[in-house]
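Below is one structure; the comments refer to it alone.
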Amino acid sequence: MQFDPFVIPFNIGLYFILIYSVVRSVIWFRDLSRPDKLRLQRGFFGTAFVQSLKEIFLESLIHRKILKTNFKLGYMHMSLAFGWFLLILFGTIEADIFGTKHLNAPYKAIFFRFFNPEHGGMGFEAVYGFFMDLILAFILSGLFLAVSKRFYSKVVGMRKTTRLKATDKIALISLWLIFPSRLLAESFTSGAHGNGSFLTGSLGSWLATFLPAQQMAYPFWWLYSLSLGTFFILLPITRYMHIPTELFLIFMRNSGIKTGDKSGTYSEVETHSCSSCGICIDACQLNFSVGITNIQSAYLMKAIRNNDDVSDIAHNCLMCGRCDLKCPVGIELSPIRMIQRRAGEPENDFRNIYKGYFRSRQSVALEKTNGSSAYDFLPENNPKKADVLFFAGCMTHLTPTIKNSMIKILEASGVNYNFIDEQGGVCCGRPLMLAGQDKEARELINYNSRMIWKSGAHTLVTSCPICYKVFKESYYLDVEVLHHTQFIKRMIDEGSIKMNFLHKKVVYHTPCDLGRGSGVYDEPKDVLKHVSRLEKSKFEDENSLCCGGSLGNMKISNQQKSKIARDAAAELTKGNPDILATACPLCKKTFSAVTETRVADISEIVAEAMMQPSVKKYILKQVNSIKELANI
Amino acid sequence: MEKFGFTISKGRQIDYESNDRRIAEYIFEREPSFRLCIECGGCSATCTTGNLTQFSLRELHILIKRGENDQVRQNIRKCMLCGKCTLVCPRGVNTRNIVVLAKQAFQKSDEYAI
Amino acid sequence: MSKQVIVIGGGVAGLEAAGQLSKAGIEVSLIEKENKTGGHLNDWYKLFPDRRNSSEVKEYLDGITHHDGIKLLTNTTIEKFNSNKSHFSIITNEGKELTADAVVVATGFDLFKSARKEEYGYGIYDNVITSTDLEEMFRKGKIVLSNGNVPKTIGIVHCVGSRDEKVGNLYCSKLCCVTAVKQAIELREHLPESKVFCFYMDMRMGGAFYEELYREAQEKWGVNFIRGKVSEAGEAIDNKLIIKVEDTLAGRPLKMEVDLLVLMAGMEMSEGGKKISKMCGLNTGENRFFAVADHHYGSNRSNIKGVFYAGTCTAPMNITETISHARAAVSEVMDYLKNVRK
Amino acid sequence: MNIEGKKAIWKDYQKEIADDKFYYVRSCVRQNFFPGSETAFLKIMREELKKDVYEHPCHTTCTGIGYHSDIVPVETTMTVVARQFAIMNEAGYENLMPSCITSFGLYTEILDTWHHFPEVEEKVRQQLKKATGREFRIPKNLAHASDVIYKFRKEIAAKAKYKLINKNTGEPLKVVDHIGCHYAKMFPSKGVGGAEYPYVLAGMIEEWGGQIIDYPERRHCCGFGFRQYLVQANRGFSVACSKEKFESMKPFKPDMIITNCPGCPMFLDRWQYVINEMEGKKYGQNEEGIPVFTYEEVAGLVLGYNPWDLGLQMHQTDCEPVLDKMGIEYSPEDKYKTEVNALYSESHNLINV
């Protein structure tokens, strides 16, 4: 008995998914840019491949990162992924060893017990059977968690669970049915033949006491095959596509491919690699502060996969980057969101099944412009020459104490500086970029670049992390860009500015664009430690919160922004600090409005701690006059 | 057309009934805070663009509401989206989104594309 | 024998003053020219800013004036006024003589007669109405045009008869802005399909919760506010009203069609008040309201000892202020009666 | 529209108009624009109403056009006007009756100025004395010629041969009245019916059988506006004003326009042609234009005068549709062949009878 019609659904599904994978891979590879193709080739023959295998094992099967974040959720993912992997692996070995011949068709391994009902009676066979039952039990325990999560998300310790579309639901049910139907099919078969191990055997013999096991087994084998077949066929148009895609993602990432600023194979692979695990939803302040639960990255990925109009979702985000760092799959969520913002609304969003399987690349709305400059009114600027430029930025101009503190610090530091936007400068361009308007942003970038270049400076200091990020990333400048906290740290290290220790308890809020956005975590804290008692909060460094004032989100209301700010400030000031310190004028302004605690920029604290320059000057003057007298 | 050495002047009057207010409706639908403006002019006072060239967000705001789209279309691109206006606004109007939506609305309608 | 006080006017101020005086054991003669008390409160349906029913305030006033010490004379006007040092006597239209130790003048205000602003065509164009006409419609729960149709676009003109030198009123009536906002909201409530436009010169939302109401009108009800004084209204062939205004914030003249135009009539010194001022020799100010002895601490006192003012006969006030002012008048009266030398 | 409301307002604006012995001063421009009007007026006054109307050959412009165009200083204007008064006094008349709305407005304005600033009047007195040796008295009554026709509208109606009624349908003709801006806008109390709802022409129309049309732009200027018209480059504004009015009255389907100002009928009439030439836009029923008349012309038609004697052939927008509706008989072939001074017998050729 080597064949039975019930295996047909499984076979169809399996071969479909295999062929589909090949075709899809070819398309993806073809769409890669030339340098990325080279990277991939190099990666294949280099360490990237080995690295990827390790990562695939750790992340795709074991789900190490999810385990770390949330053990129960991790276990659920692990039991399903790793368990299934083991089941397939050992099932194949089982069929190979104990089957009638070697190198069987896959269905022989999957439906081994059907074709070898007498197998597993004793000895090594029994031990192996026990092992296979153990794997099945492992999977079923995870499945139990998954089913519970669907109905009650607290089970796995999550606040929100992702919402599903119809095809996802069918795929989900077929996935759920796979293992219970295997269990029942195997149990009935075992029951009929009086074998099977602790799970299938015991269940089988018990069922056989009141049911005709032999007759009952066959329909469940059909159900098992049908569930598998359905699942495979639906796989490419559901979120379960992440299972195969993640392997590509890991390999591509290890080969050094990055998301970039245009949609392409990599962003496509990333989008499909999202398992909708929902960790991003949990991390999102829009969720836990203001209850917006339809715009998080998991939903964005899903909407992109579904060819939905994503512009509303794409723009409704603080761009704080919290989810980027928490994504267990390592998808570059913010860059993908930025791609969507730049893309604008799609011209046409018709959908069909075929589209689902072979999604056309994002059709970007053609910009209807007359090509003329939007900012041709900007005046010619000829800054005075200096070594160091200070660019306060728009937001700093609305927080004049920061501006004045920086002037004081710069004066005291003795560097030859020029306050380049003292009379009010031109925007750095990042706000436009955040709105997806890169072309316009580029005009401002060029304008500011020209001005910076003309000044002949070697260092550019800015007070605003928003400006800092864009200066670092999108300006092609031949100058060193420093955030003012970095500059102050340097001045302290060099001994250029002297400060008194302020006996104040300070908690530091890491601004999104400075911390997660630009990787500047330590310098601000070092400066604060130098002048005050820096306390830790629950939200440090990469886990820091967004103040809510972000220019990244244009969809939420002022009240919602305030709510986010209030919640964040409340968390940060739990230890009753004297000062809530930040390093961003926008964070300062946002927090100041919602907390009783004094909110201050680091520059303000430093300026306060600095020896009064007038006193210093006065003493120096006296000392000098004494020296002069002494000389006489 | 010109004849007899002059042409018939076009009035400056806003003709509310014949004006096309679809741009305004597009924004109203997507940004409810558009209703909240009390025309205080804080946004225009802080505006970088407004201090460099003829550009008043407050005025554009009202012109959109009245359906005087031409003038808005010619000027809305000058905004740098820097967000100072949003910070200054006493009524919590999401000014940046209004600019973005206005641009979007113009972009969508062929007759007004910018 | 207890002291006697005559209160002239049975509106909010008069009722409150009479009630408080009688509570203090004074015998009060309350004179009202109409056949019932309540004054303008009877013309209003709901009150700003909380939009409670005006009858609730009326009930309160009726409650405190239901007192044996109050002699209510309705349909009564004053024909003659005599004062002899601390003794006052009044002869009514029915020839009755009333005597008192003090007099409280609470003659209130008259609404500006909107027909005087000829350019708006009140009384000429069918669908130009005043704020009181609209209150009447609210009370009936039916807001319709003269032809029975439901209005789709409604214009509300602020400052009709206020801040207008052309009609001789330089002052601000204070309450029309908030009334306009209240009525705009009510219009949107009654007619959810309608569009409402308020044409204002300045939004003077000085009272408690007025600004909040203004914001609600914008945010929740989508009421449109256009800054500019309507210069004129004209009637088009389809009975629609064509109004002209400068959209001062756009710096451009604006022309639009409305189905219904509501005029926010301001407050003026009442005709009765004018008559009494002449009869008694009470001073009036440039705004024609009674001139008070001192704007800071003597706003209830007149130029005649023993004659006091309560409420809107001295200046535009809302109900809260009127009631406070009437109570203050009572305190002045009590003080006077205690210290007056016979 | 509630006519009772209007009547209430009209009641508030009643002015005193002299009964007889008028000193008539002609308009500078009307004799060129609508040459039959003033002649017809005199005929109606003298022959139909038997009134004493006096004209003086030494009467000059009031300088209103120069004044409103910022060319003539106000003191000069006042002195010229004082001279007119003096001449009138010398002729033994006290009731001034200008034909021109701007003159009427100017006289009203000057009298009001003198009333408030007697020192100005005194100065003008001295200037007049110095310049001409004349002295003057303030006129006893100042009424525009249309006020006088308004006053005698019933007498005219009693003698009417035609009515402002469409003979074919029996419906009253729909008449738009256009009042010159300087008639009452500056001094509403000096106009019959005030400035908002002037009654001076409406009263005539009502009395003579027509139906008055109230349309949204009734207050709007015709566009003459002196500076607008006098400078060629500004004429675009002038036409735009007239156009605004035509657009606004269009839905009411007016049969005719009646005016009481020198400039208004000129521009409302001529600009219809210009608008058609420039934009191909025609107004009126069957797109034949809306005929524009002066009140004297209408009075003349009502009294049965020959349209060509009234000078209707000088209109750019043909008046025949109205004549046909009213049932007035006329010979089209005579349109441009009328005899000089046909309205008057020989003796009337002189200025004063």
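For reference, chains read A, B, C and D in written order, and residue numbers begin at 1 within each chain.
The definition used in the following text is that a contact is a pair of C-beta atoms (placed from the backbone, for glycine too) under 8 Å apart; a residue touches a chain by one contact, two chains touch by 3 or more.
Nothing here was measured: the structure is a model prediction, and the numbers come from that model.
**Q** Comparing chain centres built from Cα atoms against the global Cα centre, which chain wins on proximity?
**A** B
**Q** Taking the mean of the CA coordinates per chain, how far is subunit B from subunit C in Å?
**A** Comparing mean C-alpha positions, subunit C is 40 Å from subunit B.
**Q** Report the inter-centroid distance (CA atoms only) between subunit A and subunit D in whole Å.
**A** 83
**Q** Take the average of all CA coordinates in subunit A, do the same for subunit C, and state the distance between these two points in whole angstrom.
**A** 64
**Q** Taking the mean of the C-alpha atoms as each chain's centre, how many Å separate subunit C from subunit D?
**A** Taking the mean C-alpha position of each chain, the two centres sit 45 Å apart.
**Q** Please output the residue numbers of subunit D that touch at least 2 other chains, ranges allowed.
**A** none
**Q** Please list all residues of subunit C that touch 2 or more other chains.
**A** As it turns out, subunit C has no residue touching two or more other chains.
**Q** Residues of subunit B that contact two or more other chains, please.
**A** In subunit B, 11, 32 touch at least two other chains.
**Q** Return all touching chain pairs.
**A** A-B, B-C, B-D, C-D
**Q** Under the stated contact criterion, what part of subunit B meets subunit C in this complex?
**A** 11-17, 28, 32, 35-36, 38-39, 58-59, 62-63, 65-66, 68, 91
**Q** What does subunit B use to touch subunit A in their complex?
**A** 32-33, 46, 48-49, 51-53, 77-78, 80-84, 87-89, 92-94, 96-97, 100, 103-104, 107, 110, 113-114
**Q** Could you list, by residue number, the parts of subunit D that touch subunit C in their complex?
**A** Of all residues in subunit D, those touching subunit C are 1-2, 4-6, 8-9, 194-197, 214-219, 248, 251-252.
**Q** What residues on subunit B touch subunit D, complex-wise?
**A** Touching subunit D from subunit B are residues 1-11.
**Q** Could you list, by residue number, the parts of subunit A that touch subunit B in their complex?
**A** So the residues of subunit A touching subunit B come out as 315, 344-345, 365, 367-370, 374-375, 377-379, 394-395, 397-398, 424-427, 429, 431-432, 434-435, 437, 440, 444, 549, 551, 554-555, 557-559, 586, 589.
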